[in-house]
Amino acid sequence: MKKVLMIALIIAIVAMPIFSAGQAEKVSAQKTVTVFGAFVDEEAHRFEEAIRPFEEKTGIKVIYEGSKDFETLISVRVEGGNAPDIAGLPQPGLMLNFAEKGKLVPIWSSLGALIDKNYAPVWRDLGSYKGTTYGVFHRVNAKSFVWYPKKAWAKAGYTVPKTWDELNRLMDRMVANGHTPWAVGIESGGATGWVGTDWIEDIMLRTAGPEKYDRWVSGELGFNSPEVKAAFEVLGKIWLDPRYVYGGKNYILTTSFGDAQEPLFTNPPKAWMHRQGNFITGFFPEEVQESLEDEVGVFALPAIDVQFGIPVLGGGDQFVVFNDRPEVRQFMEFLATWESGKLWAQAGGALFPYLDQDLRAYPNAIERSLAEALVNAKVFRFDASDLMPAQVGAGTFWSGIVDWVGGKSLDAVLSDIQRSWPK
Amino acid sequence: MAEEATSKNRALAHGGLATLGRLAVSIFVPLVTFVVLWGGFIFLKESKAPPALIAIIAIVWGVGGVALLFWVADWTVNRFPPAIAKRLQPFVFVGPALIILAWYLFLPTLRSLYLSFFDAQSRNFVGLANFVYAFTDPKMLESFVNNLLWIILGTGGSVGMGLLIALLADRSRAEKAFKSIIFTPMAISFVGAGVIWRFVYAYKPVGESQIGLLNALLTLFGAEPQAWITLRPWNNIFLIAILVWLQTGYAMVIISAALKGVPSSIIEAGRIDGAGELRVIGSIIIPYIFTTLVTVSTTIIIISLKIFDIVYTMTGGQYGTEVIASMQYKQMFNYYDFGKGSAIAIVLVLAVTPVMWYNLRQFSKQEGF
Amino acid sequence: MSIKTEQRWLRLVNASLIVLVLLWAIPIIGLFISSLRAKSDVLNSGWWTILYTKSRLTFANYKQVLGGSKYTFVDSAGRTVRASGDNLSRAFINSLTVTIPSVIIPLLIASAAAFGFAWLIFPGRKAFFTAVVAMLVVPLQIALIPILRDYQKIGLTGSYLGIWLAHTGFGLPLGIYLLYNYVSTIPRDIFESAFLDGAKPLVVFARLVLPLSVPAIASLAIFQFLWVWNDLLVALVFLGGTSDVAVLTQRLATMVGSRGQDWHLLTAGAFIVMVIPLIVFFALQRYFVQGLMAGSVKG
C-alpha cells in the first residue's frame, strides 16, 4: 500500500510542471479576433486576403473559420456558450433571433457614425432590431438580373427587352423560332425552393410595389391576399408553360440552381435566358468565365407596373459582435469601410454596398455595372424570405413553391403558407 | 472481562482507523490518477509539438487513461471490506457507462422533455401545445406515415437482403469477395452516397442524353424519362432503397457471423431426415439465429426511425418525403423553435418503446434477466 | 442429395449472388468512373458511356482534392494570385486522432458494461439496462447544446478529449446493446468455474470475456469506426472547423465550394475518404467471419 502511495505521489509531482507549462503559454498570446462565417473554400481565402491589410496595420490576428453548416452551428455554439467574437450572418433572421435573446453587442457610436457615412440608410435598418443596430453589412449580392448568351443572341437578332411586354413578346418570338426562353432550376438540397421565392419577390416588387412588399414581409399582407396571388400568377405564366421553360416542371424541380444555367451555353443554346443573382457567374463554364464580357450579357428584370420602376432585390452578409473587446471593435470598424472589400472586389465574385467605393476595382464591366445598379438603386429591397419568420421564409414558402410547381392548386398552396405564419 | 472489552474496543478502534485509512487511500489514489490524467490533457491541449506526435501521444494517453481508470477503480473497490466490495464491484463495470450516458444522453433528454412544454424561446410555459402540434400538423402526420414506411421497408429490405446474401454466400466458395462488395457501401459517407444516387435518379429532359441510370434504362426502352425523386409517393421508396443499399452490409455481417455458429451436426441431421434446403433454412437455421435477427432488426428499426441524412441531402424533406428526424432538425436549427424541436425528439424516443419492450421480453426469456 | 443436384444448387447460388453483388456494385462503379471524368463530361453524359464511346479519363479530380483546390485572390499589394489550398495530410492525421480513441474507448467501456449487465448481480440492473437501451433512439442533436455548455465550463471545447468523450457517449447505447446480446450468450459454466477458482471479476473480464468477445467487438469496432470517420456534425460542434483541427469530412464538405458548384470533386473525395474504413474492414474481417462462438458451444 505504501508503495502505491509513493508511486501516486511521484506521479503527482511529475504532473505539476505539466500543469504550469500549460498555464505559462497562455500569457504570451497575441491579440486575436475570432470570426465565424459561411464563406468557405475560395470565398474564405478571398475574405482572408481582403482583411490582411487590417492585420498588417494593427498587429491583431483575425482567425476566420467558415463552414457549410454555418446556420446550424452558429445557433448551437451561441446557445452552448461558445460564440465567436464576430459572426458573419447570411440571413437577417439569425440576427433578429440572437438580438431578441440578448446575445449580441449593440454597435457603439463611432461605428454608428461610420455606418451612416458609408452606407445607404437601408443597410442600417436591415442591421437593426427594435431601433438598435447590431449588424454591419459587408459582402452583398443583387438578384434581379437576367443573364443571356451574348453571341447567340446577336446571331438570332434578339435585343434586350425594356418592359415586361417586350419581354413577353421576346419570349413568344423565341418560341416561334423554336427556341426555349428560360432555364430554371430550384433544387438546392435542404434549401430547395429559394430560387422560386426570389422570383416571386422580384415580381411582387414590380407588381405591388415596395410598400406592399414591406407589409408582406412583416406579415400584415397575407399570402392569401390578391397581391401575392397575382405575383404567383405572373410567374405561373412563365414557369408552368412548358413552351417557355426548358425541360418543363420536372427540370425546374430536379435541377440544381447552380447547374440550371448550363443550357444557355450549349451550341446552339437549349435555353436563352436565366434569372439569377450576381454570384451565378461563378457557376458558368470555365471558358465562359474566362471571357465573361464577350460571352455573357445581362439586364435587369424589366418593370411590370411602370410606377414602381426597376427595383433591385438583394441579400448580404452582416457581421455582428458577441464579445466586446477593443480589438473586436477595431475590426468591426474596419469592416464598415470600403478598404475591407476592395481586394475581394478586385478578385471578383462579390459586390459591396459602400457608398464611397471605387467601381474601377471590379474586374469586369458586368460586375461594375451590377455594383453601380446596386449602389444607385432607387428602390432596394432585401430578400423577403430571409426577413420573414424562418418557419415561413426557410420553410413553407420554399416548400409551397415546390408544391405549386409540382401541381398543387395555387389557393391551397397560399393558404398553407399563410397558416404556417407564427402568431 | 474488562481487558477483553478494551481489546475489543482497541480492535474496533484499530479496525475503524484501518477503514478510515483505506477510505482515505481509496479517495486519494483515484484523485491522483484523475489529476495526472487531467494534467496530461492540459499538456496535450497547449502543446505546440508536431501534429503527428501529438496525435500518437493523445491516442496512447486517451486509451491508456481509460484502461488505467478501470484498473484504479477496481483496485479502490477492493480496498473496502469484502462485503461492501462485492456490492460495489458491479458498478466498476457498469458505472463508467452509466455516468457517461447520463451526462451525454439522459440529462439532455430530460432537458428536452422540460423544454418541450415551453415556447420557441423557452420562455413561456405552453403546456401540451407542442405535442398537439407534433400529432396534428399535416407535415408531422406526413412524417409519421413516411417513417412507418421507412421502418417496414427499410428494415425488411435490409434484414431480408442481408439474410439472403449471408445464406447464399455461406454456400459459395467466393464468400469473402462477395461479402466485401456488399459491405463497401457502409464505408461511404452520406455525402458520397448522395452523389452516387444522383447518378441513379438524375433527370434530364426528353431528347437529352440521360446521366441517371434509371432514366437511361427507361429511354433505352423508349419510355419517357421520369423525375424520380419528385414522384409521390414512390419517391419515399426510392429513398428507402438507398438505406437498404447502405445497411444490408451491416445486417449481412452480423447474420453471417451467427450462421457460422449454427452447428453443422444439426443441419446434417436435418438433411439426413430428408429435409430440403429451404426446409433446413426455415425450420433449423432461422430459429437458431432468431436472437441475432431480432438484434439486427432492432438496430435497423432505430436507424430508420432516426433517418435524417438521406432525406436531408436528397430532397430536403420536399415532395412529400418529410420524416420525423428531419422535422426535428428543421424546427430546432432552421426555425429556432426549441419547444417544438424538443417535443418531436421526445415523440421519437416514445416511438421506440414497443421495440424496446419486445427486446427486454426476449432478454427475460434468456438466462439474463 | 446427389452430386448433380448439389452442383445445380451451387450454380444457382453463385448466379444469384453475382446478380445481387452487381446490383450493389453498379452505383459504386458509377461513382468510381465518374471520379475519373472531367466536370463537363460528368454533367453531360452518363458514366456508362465510357464503355462504348471513347472519352478521356483523368486523375484531375483526385489531384485537386489531394493537393488542395486552386484559388485566385488578390493579395494586399493588389496582385492577382493563384494558389493552392492546404493539402489533406493534416486532415488525415486529425481524423485518425479523433477516430482511433473514439472507437477504442467506447468499446472498452461498453464491453465492461455489457459484462456487468449480463453476469454481475446488482440492484436496479434491469432498470438501468432498460434506460441504456432506450438511449439508443435519442437524436444526438438534442444533446449538442447542453453538452457544449458543460464543455465550456470545464474547458473541454476544442480538445480531442472532448470529442472522444462525445463519440463515446453517443456510441455507447449501441455498443452496450450489441455486446450485451453477445456476452449474455457465453455459457454460464465458463464463468462459474472461473469464479469458483477465486478469480476477481476484473480478471474474468480481461482474461475471459474480452478474448471470447473478439468477433462481436471486431464487428462493433468497424461500425463505430465508420460512424466516427464519416461524422461531420459532432466534430464541427465540439472540435471546431479551423484548419489545425478540421477532420477529413469537414475539409471535403468545404471543398465542394461555397455553393456546391464543385460537386464533381465529391466523387473523388468520397473515394479518398473510403480508403481507410475499407482497410479497417479488411483487417478486421477475419475476426468476425470466424463466427460467434457462443452458439456453437451452447448447441
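Note that the chains take the letters A, B and C in the order they are written out, and that residue 1 is the start of every chain.
By our rule, a contact is a pair of C-beta atoms (placed from the backbone, for glycine too) under 8 Å apart; a residue touches a chain by one contact, two chains touch by 3 or more.
For clarity, every value in this text was computed on a predicted model and none was experimentally measured.
A complete topology is adopted by the chain contact network, contact being made between every pair of chains.
A count of contacting C-beta pairs for B-C and for A-C identifies B-C as the more extensively joined pair. If you average the Cα atoms of chain A and of chain C, the two centres end up 35 Å apart. Centre-to-centre spacing of chain B and chain C amounts to 12 Å, using the average Cα coordinate of each chain.
Within chain A, contacts with two or more other chains are made by residues 72, 76, 188-189. With touch defined as above, residues shared between interfaces to two or more other chains in chain C number as follows: 43, 146-147, 232, 253.
Those residues of chain B in touch with two or more other chains are numbered 45, 333. Taken together, the chain C residues at the contact with chain A in this complex read 40, 43, 69, 71-76, 78, 80, 83, 85, 144-149, 151-153, 157, 232-233, 236-237, 240-242, 250, 253-262.
Chain B contributes residues 41, 44-45, 51-52, 54-55, 58-59, 62-63, 66-67, 70-71, 74, 78, 87, 89-94, 96-98, 100-101, 103-109, 111-112, 161, 164-165, 168-169, 171-172, 174, 176, 178-192, 195-197, 199-200, 209-213, 216, 245, 248, 250, 253-254, 256-263, 265-266, 271, 277, 288-289, 291-292, 295, 298-299, 302, 305-306, 308, 325, 328-329, 332-333, 341-342, 345, 348-349, 351-353, 356, 359-360, 363, 366-369 to its touches with chain C in the complex. Only residues 25, 28-29, 32-33, 35-36, 39-40, 42-43, 45-46, 48, 75, 120-121, 202-205, 208, 226-227, 229-230, 312-313, 315-319, 330, 333-337 of chain B touch chain A when the two sit together in their complex.
Residue ranges of chain A in contact with chain B, taken from their complex: 1, 4-5, 8-9, 11-12, 14-16, 18-19, 21-22, 25-26, 71-72, 75-76, 97, 100-101, 188-193, 246-248, 250-251, 253-254, 389-391, 394-395, 398-399, 402, 406, 422.
Residues of chain A touching chain C in their complex: 38-46, 49, 52-53, 56, 63, 65-69, 72-73, 76-77, 79-82, 188-189, 256, 258-259, 262, 279, 282-283, 285, 343-344, 346-347.
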